Amino acid sequence: MQLGMIGLGKMGGNMKRRLQGAGHEVIGYDLNPAGADVDSLGALVEQLEAPRVVWVMVPAGEPTRATVFELAELLEPGDIVVEGGNSRFSDDAANAEVLAKRGIGYVDAGVSGGVWGYDNGYALMVGGEETHVRFLKPIFDSLIPEGGYGFVHAGGVGAGHYAKMIHNGIEYGMMAAYAEGYELLEASEYIDNPAEVIKSWRGGTVVRSWLLDLLDRALDADPSLEAFQGKAQDSGEGRWTVDEAVRLGVPAHVITASLFARFASRQDDAPAMKAIQALRNQFGGHNSPER
Amino acid sequence: MQLGMIGLGKMGGNMKRRLQGAGHEVIGYDLNPAGADVDSLGALVEQLEAPRVVWVMVPAGEPTRATVFELAELLEPGDIVVEGGNSRFSDDAANAEVLAKRGIGYVDAGVSGGVWGYDNGYALMVGGEETHVRFLKPIFDSLIPEGGYGFVHAGGVGAGHYAKMIHNGIEYGMMAAYAEGYELLEASEYIDNPAEVIKSWRGGTVVRSWLLDLLDRALDADPSLEAFQGKAQDSGEGRWTVDEAVRLGVPAHVITASLFARFASRQDDAPAMKAIQALRNQFGGHNSPER
Amino acid sequence: MQLGMIGLGKMGGNMKRRLQGAGHEVIGYDLNPAGADVDSLGALVEQLEAPRVVWVMVPAGEPTRATVFELAELLEPGDIVVEGGNSRFSDDAANAEVLAKRGIGYVDAGVSGGVWGYDNGYALMVGGEETHVRFLKPIFDSLIPEGGYGFVHAGGVGAGHYAKMIHNGIEYGMMAAYAEGYELLEASEYIDNPAEVIKSWRGGTVVRSWLLDLLDRALDADPSLEAFQGKAQDSGEGRWTVDEAVRLGVPAHVITASLFARFASRQDDAPAMKAIQALRNQFGGHNSPER
Amino acid sequence: MQLGMIGLGKMGGNMKRRLQGAGHEVIGYDLNPAGADVDSLGALVEQLEAPRVVWVMVPAGEPTRATVFELAELLEPGDIVVEGGNSRFSDDAANAEVLAKRGIGYVDAGVSGGVWGYDNGYALMVGGEETHVRFLKPIFDSLIPEGGYGFVHAGGVGAGHYAKMIHNGIEYGMMAAYAEGYELLEASEYIDNPAEVIKSWRGGTVVRSWLLDLLDRALDADPSLEAFQGKAQDSGEGRWTVDEAVRLGVPAHVITASLFARFASRQDDAPAMKAIQALRNQFGGHNSPER
């Protein structure tokens, strides 16, 4: 098939290459002209034959929104936009609506796989109308891994980003579980070499996983993780997952605690902890603090 | 009544003064001879008339254990030891047993009130036999606040320290609730002056409490809590409460989270958080971390 | 002063009575004509002398919004609306804007005190312009408790509801701390009578508070709390507090855990827990579950 | 090699078969004579040639302790006992000591793999002296999976059970992360078929793992998990992991929350939640609960 790819960064660029390797014709556009095949959205649309498929792979938020709205002006009825960025699921309805007014289809796609996706394939979670998803199937099939997994049509518009958000929420929890276990191994006088324990778990255990493989890989390269500061960043999906837990009344203790632990790790002198110390001081000094 | 007080630190010293103010005769002993009335445990026991009451108010753990075991040698059948330190409830059975073999009574007392106790009275939670507790009643009555609250005979040996432990576990949770609320007020662009909000809550609200009064007092003295580092210490009771939650199968999410938040506040570069950053790095760099 | 009170339910009705007791003239309106002084918003506005003060005390969300928007049509420049419902702070900007277009002032007020407020006074947290707040001061002064606490002008429009939201978030955490402690006392073989321990804590302890007084009161009336099911409800403020913690990057472990524990208490057969049991079953049956 | 296997249940029986398949001579003993090769511990010891290897695979706690102590009487200097049960790491020192007095070696082995271990191999985490571990290597090599992972000599006596405990703690956290994600998918109006989303994640995603494969397998067999009640059991390791987090000052928010969520799931009418409802009632009834 033929498609346009907007955004040729680490994700979009690799996906273009993977699609081309599978025989698809991909015309790429990026704000950065190096590596782009055309120099404007208009030129991209012109080069594609109707019905056009345009995959948007730019930063979430305003850049994505602006791109979709511009495409609404440039594309024609029957064309389809795939929004594959890390967008909040709640952004999709507005995107779909502005395109639908012009008769243009919209599919949101949560994409997982990172830098490993080019070789291993990308997991795709998509939302939108059945006819649109069916039409895009050859593209999806070339992106996903071999083995029959890695693709789901999760529901209507927004469901793709929704499923990806939950995927990332789970990932936060899993990462924290491994991280806490690692810290316990590090802290305990019983364990001689935490990294060897981690490595051994890659076979035969209940906790074996791709994440564990990566942790072992990181420890091979840097046994004490000296290159890393103990300040964990977070991106949007973990926060949105907690928002959804609150909205839906789901007691997501674990995913939320994993997010908050990242927050706390970035604090040097948290007001909350100063308040606790101030209270302890009020009781009667540091030596009999909680009497 | 007449009693011996062993340990004349911030707690024991003030309790001695309060008891004396109420007309009791208190003979004090401390490793530090300044302020002590006698220079040995033996001398203390000698000065007391049978049946003797000896209140032990020394650091928990080995110092308390050693004192009780020495008293088992020195005291006589019919005497009573009150153990008022911050001991783990599980230490009490052994103390009681070694004394019981000599016919000596044992009462454990959890004491709350800190430096405010001398003026306001101390809350007492005691465990032991009814006859022993009844005999000690005049002493207890002089220590507790006016108003009819502040005393409970919570159960058999160990129950006093147990109730005090749970009291402190609750305190951890309450302090964390206030501390988190304070941090949210500090962080929000909506609130002009968090300290004024805290102060206002002292009247008419659902969250008014003695702890809130202390927080307001601390903020009056130091509106940004600059004197305090955001590293919260913990003493034994919070940990023991979590141990008990685990043993009893009680989902003490809040008390435990408040303890762990203190742990985390003292970490600069936690191995767990380094592991999370290492994993994020494995996915493909800092810019598309959780893809 | 003279003011109109819209909404004469448990809160508005009592506040009207308290204000009248302090010498203010209060004209009340309610959808329920019983007890109302006028039969329409229009009639209410007509009876008030300019500059008018109208206090809106109706359910949060659509009823409040509709009332404010209707008042925007009925009131005149220089009048002031006080919105005292349990509204989300983020609703206030829109209310203020629609009124400001007509030259009408807007103050949001978080009100605490429940059924006890009539006698004890209400705590008020208000947001809005200094001139509006100053004008309303005589009304506020009559509502708050004696003693100098219970009132704060927390910031601009929205700050009143914001401060009230955080107040309630703290309240969730405190309630959970007491509740967990109570459950531990109930579960432990060490404690003979949990209710007596709770009662004793009302004096001299670090955990004494109005909430503890209420818990003791509840236990006096029903020592095993038999009248209550272990399914805890929640209203909006706890959820909004967690949303804010997520937005602001504040690790509010305790407040969030207290909310989620309420969620979990209402679930009989949570999908999450079914999933855990299904996984345990996959390992090899119930007897060696986590091998 | 030759060894004795004590305990021929789901784990011990399969391990015996796997070892025999690899050419080892295994003499089995079990309280249940069916399937046992000998009818007493004494007979087992008699049939083994010195230096003997005896693998104990019986329930943790008293049965394991009694077996080890009995073996201390029966075995000879130079023999080795492997303790492969789900024992607490803190039990190992006493076992090792009683054997060491007789010159008998002791190795503790945490075993993972469940019913899948016979086919896939078992993960082994062992603790003890290097010479003992080296001697046992041929046995370990036959038990572990192909591929080079699945074995670690984690440290001295106790380290094997310690590493296994942390493994299970991590497992609790991972299971909860998946379970919460699954419940969110179930609860959301965006997702048409949660089970299909789960299945798709088996390829290309960051969350792919053996546990996820099992969850998909369970959902294939029972798409709504109807066969399972939402009451999650727990065994010792999760609790011991939390105990260790408390002892070591490690903020294991996630692992602990996953344990407590299981506790809560088994409660119908938790005293804590009754207390919260009682407090809400004190404020002024169900309709304005947190005012």
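Order of writing sets the chain letters: A, B, C and D. Residues in each chain are counted from 1.
As a convention for this text, a contact is a pair of C-beta atoms (placed from the backbone, for glycine too) under 8 Å apart; a residue touches a chain by one contact, two chains touch by 3 or more.
On a predicted model such as this, the values are computed, not experimentally measured, just so you know.
Novice: Hop across touching chains from subunit A and tell me the fewest hops that reach subunit C.
Specialist: Graph distance in the chain contact network comes out at 1.
Novice: Need the most distant chain from subunit A, centre defined as the mean of C-alpha atoms.
Specialist: Max centre-to-centre separation from subunit A belongs to B.
Novice: So, what's the distance in Å between the C-alpha centres of subunit D and subunit B?
Specialist: 37
Novice: Just the number, please: Cα centre separation of subunit C and subunit D in whole Å.
Specialist: The separation of the two C-alpha centroids amounts to 47 Å.
Novice: Between subunit B and subunit C, tell me the centre distance in angstrom, where each centre is the average of that chain's C-alpha atoms.
Specialist: Centre separation, subunit B to subunit C: 33 Å.
Novice: Residues of subunit D touching 2+ other chains?
Specialist: 112-114, 117, 168, 171-172, 176, 178, 180, 183, 187, 206, 211, 245, 249-253, 257, 260-261, 264, 267, 270, 272, 283, 290-291
Novice: Where on subunit C does subunit A make contact in their complex?
Specialist: Residues of subunit C touching subunit A: 206, 239, 242-243, 245-247, 249-253, 256-257, 259-261, 263-264, 266-267, 270, 272, 283, 290-291.
Novice: In the complex of these two chains, what residues of subunit B are touching subunit C?
Specialist: It is residues 89, 112-114, 117, 120-125, 127, 144-145, 147-156, 158-159, 162-163, 166-174, 176-178, 180-181, 183-185, 187-188, 190-193, 196-197, 199-212, 241, 244-245, 248-255, 257-258, 260-261 of subunit B that touch subunit C.
Novice: Inside the complex, what are the residues of subunit A that reach subunit B?
Specialist: The contact residues of subunit A facing subunit B are 9-11, 86, 111-117, 168, 171-172, 175-176, 178-180, 182-183, 186-187, 211, 214-215, 217-219, 222, 225, 227-233, 235, 237-238, 253, 257, 261-262, 264-265, 267-291.
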